[in-house]
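What follows is a pair of complexes built around subunit A, which joins subunit B in one and subunit C in the other.
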Partner chain A sequence: MSAVGVSPVGVELREQFNNTAQQRHAATMGMFIWLITELLLFAGLFLVALILRITHPASVTAAAKHFKFWIGATNTAILICSSLTMSGAIELSRLGWQRGMVRFMLATASLGSLFIVLKGYEYVVDWQEHMVPFFLDRSYALAGDSASELFVNLYFATTGLHGLHLITGVSILLVLTRQAAAPGYLQRHQNRIEIYGLYWHFIDLIWIIVFPILYVLNR
Partner chain B sequence: MSEFLVRRFGMAEDDAAVFWQHMRTPARSFVMLLCLLGITVLCGATLPVHWIWMIEALSTLCMVVIVLVISMEVTHEPPLIRLFAVVGFFWVCILFGMTLVDYLFR
Partner chain C sequence: MSPLDSTIRDAATAQPTIGRPKDYLHEKSTLASWFFTIDHKRIALLYLASITGFFVIGAFAAGLIRLALVVPNGQIFSNDTYNKLFTIHGVVMVWFYMIPSIPTTLGNFLIPLMIGAKDLAFPKLNLTSWYIFMGGSLFTLFTVLVGGVDTGWTFYAPFSTTFSNTWVIPALIGVIIVGFSSILTGLNFVVTIHTMRAPGMTWFRMPIFVWTHYAVSLIFLLATPVITIALSLLVLERGFGIGVFDPALGGDPVLFEHLFWFYSHPAVYIMVLPGMGVISEIVPAFSQKKLFGYRFIAYASISLASLTFFVWGHHMFVNGQSEMASISFSVLSFAVAVPSAVKVYNWTATIYRGSLRLDTPMLYAMGYIGLFVIGGLTGLFLATLSIDEHVHDTYFVVAHFHYIMVGGTVLAFLGGLHFWWPKMTGRMYNEAWGRVGALLIFLGFNVTFFPQFLLGYLGMPRRYHQYPPEFQLLNILSSAGSTILAVGYFFPMIYLVWSLWFGKRASANPWEAKGLEWSTSSPPPTHNFLAEPVVDFEPYDYPIKARERV
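After this line comes the complex of A and B, so read on.
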């Protein structure tokens, strides 16, 4: 990484905009509006988890004891690290240091993938411990406790939806990294790195809420 | 930190100084987030008192605000975008507030 490899930074003006500042603001605004709809989607799931905690504390605590607290904590730390590397990629894109930016984006994708692997391992252990009540042909460890069954199903719905967002995020990031490595990319599309960064930070933000609501509060 | 970047990543001294100047705020937020996560994990692992959930909730709220304000740079955006970000969280507050008031006080 050296200032010798600095690329000019900018945005290619599209015909529907008056200037690049307007174009940047429109893109950021669109991303924020979409993220708000995503937030409301997840908020419904968080709310149901809290209501279950209030109405059936014993069942929820019994179910939450099976969740892997330390894997959840490690995954939170991993996503916080990935947010730092994404911020690094954004700052490097602003400076026009393309090679360093690509490396930081790859580091972010690697950390995201590590999260997915750990989450997958957690699901495998849940399967082995008979904590997958939605598989009707497999016995459930807390059979007869319908409130705990509901909470475990909610856990899978929430973490699964977050995982889906993360898998999509890593896939888009890898494609974006490939595109961003091309000469002249930052001269035409620098704002795409910033817009994507908002999505990645949002994934981090959602997990920061998921971890205490599902793993910590119910212990 | 600049020296670390020079030694570890082979950056030129001037480049490392410029990069660190840009990364100072994200690095600070990173440290704050890890500290708050540490508090949450410690509280969750030890459960010292029955009202510890309040500390955990406060710690989570602080983490959310840090990500929104520093990582997502909401405060640097134009007023219209800031308005949408605030309105989005306002709707979530209404959703949580109205529903939980019912369950907590019935």
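After this line comes the complex of A and C, so read on.
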């Protein structure tokens, strides 16, 4: 061991593979393919949102003006920062600096949680402003404009699905951080940090697409 | 019989029985060793048992449908019961039998063996996807049997969102869950084929079976997420009225059809492509001849998988899409015939001047080729706009897709099951019974479905259980055929199970076939090969070659 606090880095070979290079390649590729399917899942929602913009431009603009642009923009910045800290964690894991890596992972989880809190606050404001048309008992701010209702509902479906991914992401990240803090973890499972990082960057990327499609276009 | 190449390429078959490791079936025998196994071969058998169960349920519903259609006045079942019956038949057969059938059983079993790997890249994920499949499918089965659903397997809006009074939401949730199982299986296959090939196993040395499964996995990965989100929006629509498919809010029910068929047309190729892979293995083995046009068949598989994403509109010719869109989709649908025909011609050219043996797998393969041609050609009728206007939503369509799905997928599945049965179980089935079963299925299938072409052409609509009395004769003929078909299906179910205990022991390569899977013992040991195989031969290296001139 060269320096204090630096642990050896490696991957434990599973029996179906012949060598660790093959195993790393397979794991990375598996995650990329999973993310492609996730992208297509969201693509269905993006498609519907864009079709609505074409078929009902006025109603969509009216609805989009009610969305909280600044909360969305702040959240975009937060997620980009969290991707930066996640990249830091990956770099440190490659170097074997386990303590630093754990701190960067915790920072990532905190930024992700901050996003969820802000998003929750935004939902509360939407509720107060009567922008929740799928609650049939509550009157709707833009009553009479049915196509806008549709767009607001889609906004909840899309941000809800993204939020679900983020909550899952933060939960997995916390469990992973706990495991990764154990001595010798980097020697056995260093590539899990990298693979998880791909997923985290992906959640960030999806938000970077969601934000302009829902909040910015036609504004 | 032609001179046979007896070179032994793997140590497994040369080793004496003593000292050889136990095969995967006998290594452990506890119940837990089956339900928590991560061996791809055992998981394949778990899938085989499950989808056979679903097949029996779906076939039983089909039998009841044919029973109801014996009389024209629809007195045997009420309208509601009839609607629920064809929904059970469609949902169970499409989602829980056809789509998983060949990939999860034969594909799961054979892909690692064929490329010389110890297992799939993610064995635990493989087991997880079986559990997801069982969870989702049993839940849906409970829903359609206890509550009943009357939307058909297509779940069209606005009927499914607004008007149906049945258990649509639980059925949708079950189907969505099963979709994740498909995605994970496809992911596992793609990564395995990319990263786990043995030394020397280049892309163009892979058997066509592996190529077609690669193509199918791409469809699983690219199409399934779209149906997941479309069905999720349907759930939200029915549950909360979010309005995406509701014209009252400015939504569009046709949008659901677009999203649905963007998945469900490729899903047809999920059902057909693996069958093509099976046939491409059986035909050379029973002709003892090198597969004709190997590269063309490989390319045709990938081009089918690509083209299939651009033809979904041919399901919607009469549903209000623009004329321009319809013409484009019609032209693209014709294009699909090209790679399909490439395959058929190549199989035929392989048989030509081969050294033929008409054993059970080859009978199924020959049946497949004939029925696939009929199904494919009638597909061209339907891709023609003017004819489709006439026969849309009639029994002509029903007959067409049964020729592709039953004549194609089911025959290929059964052919493949017989072909690899010795490898999977280490036992031979009874050949005479096998041939009788294959002939009965072929006969019964044609008697059942050919009259439906005539009925459809004369104008009998699908999904109705009352019809004018002049159609009764053809309907009775079709129902009579379905009983022959049912008897035919009983044959393999009985003699295959019987062979598990009483069948003759199989050698490593009972068909004198080529390919890595035949070089290891039958049944294979847990990690497939005793030593990692090295591939230094071309695919389909059979004794008879095509003449080397154009």
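Following the convention adopted for this analysis, the second predicted complex is superposed on the first by the 216 of 219 C-alpha atoms of A that agree within 3 Å, B and C clash if a C-alpha of one lies under 4 Å from a C-alpha of the other, contacts with A are read in each partner's own complex, and residues count from 1 in each chain.
Note that in this section a residue touches a chain if its C-beta (ideal position, glycine included) is under 8 Å from a C-beta of that chain, and two chains touch if they have at least 3 such contacts.
This is a predicted model, so every value here is computed, not measured.
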Subunit C versus subunit B on the shared subunit A, clash or fit after superposition: fit
First, second, both or neither for A:L95, with subunit B first and subunit C second: first
Angle at the Cα centre of subunit A, taken between the Cα centres of subunit B and subunit C once the superposition is applied, in steps of 10 degrees: 100
Which of subunit B and subunit C A:L217 touches, first, second, both or neither: first
Dominant contact partner of subunit A by residue count, subunit C or subunit B: B
Touched partner set for A:F202, first subunit B, second subunit C, both or neither: first
Touched partner set for A:I51, first subunit B, second subunit C, both or neither: both
Which superposed partner A:L84 touches (first subunit B, second subunit C, both, neither): first
Touching partner for A:A73 - first (subunit B), second (subunit C), both, neither: first
Contacts of A:I116 with subunit B and subunit C, given as first, second, both or neither: neither
Partner chain(s) touched by A:L40 [first = subunit B, second = subunit C, both, neither]: both
First, second, both or neither for A:H25, with subunit B first and subunit C second: both
Minimum distance between Cα atoms of subunit B and subunit C in the superposition (Å): 6
Intersection of subunit A interface sets (partners subunit B, subunit C): 25, 29, 33, 36, 39-40, 43-44, 47, 51, 55
Residue ranges of subunit B in contact with subunit A within the complex: 9-12, 14-15, 18-19, 22-23, 26-27, 30, 33-34, 37, 40-41, 43-45, 47, 53, 56-57, 59-60, 63-64, 67-68, 71-72, 77-78, 80-81, 84-85, 87-89, 91-92, 95-96, 99-100, 103-104
In the complex with subunit B, residue positions of subunit A that touch it: 1-3, 25, 28-29, 32-33, 35-36, 39-40, 43-44, 46-47, 50-51, 54-55, 69, 73, 76-77, 80-81, 83-84, 87-88, 91-92, 94-95, 97, 100, 198, 201-202, 204-205, 208-209, 211-212, 215-217, 219
Residue ranges of subunit A touching subunit C (in the complex, touch as defined): 15-18, 22, 25-26, 29-30, 33-34, 36-45, 47-48, 51-52, 55-56, 59, 134, 136, 146-147, 149-150, 153-154, 156-157
Complex contacts: residues of subunit C adjacent to subunit A: 117-123, 125, 183, 187-188, 190-192, 194-196, 221-222, 224-226, 228-230, 233, 236, 240-244, 246, 248-252, 255, 259, 527, 532
